[in-house]
Amino acid sequence: MRALKLLAAAMMVITLSGCWDNIDINHRVLPVVMGVSKHDGEYLIYLQIPEPMQNTTQIKIVKGKGSTINHAVDDISANLEDRVDLLHVKVIVLDKKYAEAGLEDTISDFMRGRDVSPKTLVTICDEDMDHFFSLVKKKMGPKGTTLYDFFEKNAGWNPQIALTRVWEVYRSIHSYTRDVAVPIIRSGDTTVVQHIGSAVIRKGKMVSQINSEETLLFNAFQRESTQGKIEVMHHASVLVIGNSLEVHSQMDGQTPILRCKLKLKVVILETKEHPTSDMIMKELNEGLTHQFNHMFARLQGSGADILGTGQYFRSKIPRSELKDWRTAFYPKLKLDLQVQTIIENTGFLELS
Amino acid sequence: MDKSLHVVLMYGLTQLGFIFFFYSGDIISSTTEGHWLAIVIGLVLNLVMVWLYMKGLGYFPKQDIISIYSAVGKWAAVLFLLPLVFFLFITNIITIRAFSEVITLVFLANTPLWAIMALIITLSGYIALNGVESIFRTGVLLAILFLPVILFTICISFQNVDFRYFFPVMDEKFSFLARPPYWHSFAAFAGSFLFLGFIQPYVAYRPKYVLMTVAALVPFYFIAVYVPLFTFGQATASTFKFPFIVLMSTIHINWLMFDRITMFLLLCLVTFTMLFISMVLWKLSQVLHRCLPKVKPSYFVIAIAAANFIGCLFITNWDEIQSLVMWNTMLRFFVMVGIPCSIWLLGIRAKRMIKDEGA
Amino acid sequence: MDSFIQEIRDSLGDNDDFFFQQEKIGRASVILMGFISLIDLTRTKEALHANMDNWKPDRDDASSMMEAIGEVREMDLSEAITMFMDGKLIVFFESERILVLAEAYPSLLNRAVESPTNENVLQGAISSFIEDIDTNIGMVRKQIVSRHVKVRSFLAGSLCHKKLSLVYDESHADSKLVAKVIKQIESSSDKEINNLQNLTKALGLSAWSSVPKFNTTELPEEVAGALIKGRVILFIDRMPFGLILPNLIWDMFSLENDRNYPLPLMIVIRLLRVVGVLTTLIAPGLYVALVAVNPEVLRIELALTIAQSREGVPYPAIVEMIFMLIILELIIEASTRLPKSIGPTITMVGGIILGQAVVTAKLVSNLLIIILAATTISNSTVVGFQNSLAIRLFKYVIVIMSAMYGVLGLLAGLVLICAYLSSLSTFGISYLNISMNKGESGNG
């Protein structure tokens, strides 16, 4: 009797397991990069798919069109021999024009569905997508994840690249006090891609742009580690080995004031014309402060708070007023940045 | 035989699923600021009720609440146990259905809903069939296997927090008290402590440890609400149906073999929830067995499980779950407040009667 | 009394190994009876005569001589036959017509005490149990010298007799458990016990439990450890191992011999075994779940590698996995069946040639081979072969559930196994109890 019961259970399990379609991994197409652009109300989707071949991987770029993103992906799926699975998309490349027009719907849809992970990186492409992808394909080696590795922290990431994920963009759409910077790339002359700075996104819309150097300061301000970055000045070039930030916020009536102190630990790599360490420090401090102020003025003009300065006033402004941070307070914000450099060591040589 | 550890683990585990799935969403959508106040009020109410309940049960050693109420009279049994049965039954349906929904949302998009519900209910039914002590032992094994995973995922959930989102601190108006999501949040407490009244004849435990567990769970309640808030901010977090689940999917770890950590947290919580469901099945079978002593409790378990499954099939969408939760609110408060208080009062009465007889 | 001899002759005389021998001991003429196959007759006779020669009677009569030879007993036929079967010699004094039961030199039918064949011992006592029950009990008595160790013997079976012995430590064992076991054995003393399935039935335990109810061990050291932990040990004649009752989950991971290592090392070794069991259970299921249902859990690099290695495999992951698992089980089974000298050939053919060929032929992916190897190796870390069998069976449950529900199925399978294990109990003691000393309140 027990044996019969077991047998019946086993039969049921075996018949049941064929009931719904579980597709094996080798029958799924796993795109790593997805490009999104919009032309005349129609979405254009580019998928970069690593195709496992006998002993190597080939890169395939496919393109689909549709009135929604899913429609476009479906369009691609229907034309491919395997089913397209967006689960492994690691990088989303957005057309610059599309980003300027507003990303809110797309980003919300990514957050809504399970397919695209909220951790997916967002980038903006500064050239025609067709051109970009065809060049990328040409230059990419037999490794499917090149573009992803470019941003991966333990691979090709550099401190002057802003790292922004889908959920952070989504947060910026809804948050009262926080915007994001998204890296801008274009196809490189000799390398696969070239990083040319960061787009400033305000509530899901690209409003401005900062360059690589400024992105470094932005990252430092985010307390992101800027280790390894080489800073070149007139008299020396230094290697940043550590950074920290102290922020003090206060309200002067309706004017928010923020005092920041950025501490950089550096190592001297090269010198020109025998500078003293004081000179190097001074030059570095002034240069960075100037650069930062310049960037902040532009950011303030665009109304996008990518530095997250509003965060420091959460305890000082009631929630009902905080809602209008971007319009009522942010333009009035006074930000005073002091850069303090510590020269950790000077290498094997003494400074003269 | 002191089985405090078993009881305490059971009590803790059965709550974790609700805390991370539903509690965080309910609290975040019930108020825009000062969430801690909402949490504290809920926790204090919970603590008082658990304390009263155990105090009351302490007057009736080796008796479960069914015999306590039956001893008072048929009216008491009907008055308290009937709503309890309805409450547990509906809770079970909601739990199974909602968890299956989340599972399909997060990682089994191709699997039909009924198959997941069938899996959950079959497993829970099997655990319940083995009897209450077996449920406890299963709980201990699951805790050993899966609690480390849960603790690990909770630790790494702090990856993207920005503590400045803690402000503003206060909500002076206590507006959340009037919002339905806040009432729903009590689902996290209501179902889990009732079992303490059912197990007295089978296992012994020390009330002190249960109260300590209530205290030990407090951080989890705060983590479930505040970590999503710290990561996303109130304005963003309130747009999510399951803030903690979304939060987990934003965690990025370079050195782990696996990519989506959400899944591990979620699945471990699902296993704990199976434990909860099996406990509820067992409780229901106990009550029904008392009404119809001729039928074996195990038949009741099977029947209730089947009824639950059919009930789940009738729910077609998320809104219906929400409205069912709404319907259950009344019952929930009745069960959560009424039963502990009545047990406590009955206990005091019983004590006085013994004293009178003695004098 | 001649009729008695005649009866014996009738019932046993058709055995060619049964002997009747006229003999003169001192002045008395006797008939010696017994099985030549069980008794070393020459030595026995020598001993009898030597005994008589040294015999200095205080009173010179036949009855005191009989007492010197053995036990004077009135017995009926069936009793006598039992004694013969037991290898006893019966001396029949013709003139007095009296039966004397004498201890005889047994012919040597036991192997010597050797090192264990099914278990490996590192740095520990290596003598293992043999088929002879008395030797085994003696070895236990040598191992644990304590006056609290009690031995109870039973004879089971109505057609075939089998000697059972129950060994327990009075000061540690739960007296209720001992009483229960004794009662159970006595109540089913008419049942034949030839194997462990018989024994399970005789003890009133479920025969359908996949987890063995006894922890079998060949080592006196383990038995001694179990006695101190309050378990009871069953010995069955002709079975070269002790049965530790009840079998608890922790026995799967712990050996008494581990305590010969420093404590931290012991903990690490035991943890390793736990990891081994978990790997066996999880690894095949995880592969199926990740390949077929939830590839998003894999990192992209791994996903691509797996996809590449599965390119051209014509069937779903579950079939691939079960196919290879079964081949592996066949290899294991084959190598246990074969003589020791041919065993390695099978390992070679199975492991190297088949493994390599199956990948080259694109029947399975090479990652699967790695998973299988890991599974099989880790399966062997479990203590006790009978435990590893149960684990081997459980992993199929998980594989099938994983194929249906992916990672959810994997965990659901674990839950199922946990629930199953927690539903097991032997004589009221849950399988999950960690220790017996604390009664039933173990926290396992």
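We call the chains A, B and C, going by the order they appear; numbering starts again at 1 in every chain.
Keep in mind that, in the parts below, a residue touches a chain if its C-beta (ideal position, glycine included) is under 8 Å from a C-beta of that chain, and two chains touch if they have at least 3 such contacts.
Protein names from UniProt, one per chain: A = Ger(X)C family germination protein; B = Spore germination protein (Amino acid permease).
Just so we're clear, the structure is a prediction, and the values are computed from it rather than from any experiment.
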Distance-to-centre winner among chains (Cα means, whole assembly as reference): B
Count the C-beta contact pairs for B-C and for A-C, then tell me which is higher. B-C
Please work out the Cα centroid separation of subunit A and subunit B, and write it as a whole number of Å. 39
Roughly how far is subunit B from subunit C, centre to centre by C-alpha average, rounded to an integer in Å? 46
From the C-alpha centre of subunit A to that of subunit C, how far is it in Å? 64
Residue numbers of subunit C (touch at least two other chains): 293, 296, 298, 300, 404, 406
Two or more other chains touching the same residue: where does that happen in subunit B? 107, 111, 115, 259-260
Send over the residues of subunit A in touch with two or more other chains. 16, 22-23, 117
Listed in rising order, subunit C residues that touch subunit A in their complex are 208, 290-293, 295-296, 298, 300-301, 303-304, 306-308, 310-311, 313, 316-318, 400, 403-404, 406
Complex contacts: residues of subunit A adjacent to subunit C: 2, 13-14, 16-17, 22-26, 28, 30, 32, 50, 52-54, 57, 85, 87-88, 90, 117, 144-145, 148
Within their complex, subunit B touches subunit C through residues 1-3, 5-6, 103, 107-108, 111, 115-116, 119, 123, 126-127, 130-131, 133-134, 137-138, 140-142, 145-146, 257-260, 263-264, 267-268, 270-271, 274
Using the touch rule from the top, collect the residues of subunit C that touch subunit B in their complex. 293-294, 296-300, 302, 404-409, 411-412, 414-416, 418-419, 421-423, 430, 432, 439-441, 443-444
If you look only at subunit A, which of its residues touch subunit B in the complex? 16, 19-23, 111, 114, 117-119, 152-154, 165, 167, 170-171, 173-178, 308, 311-312, 314-315, 318-319, 322
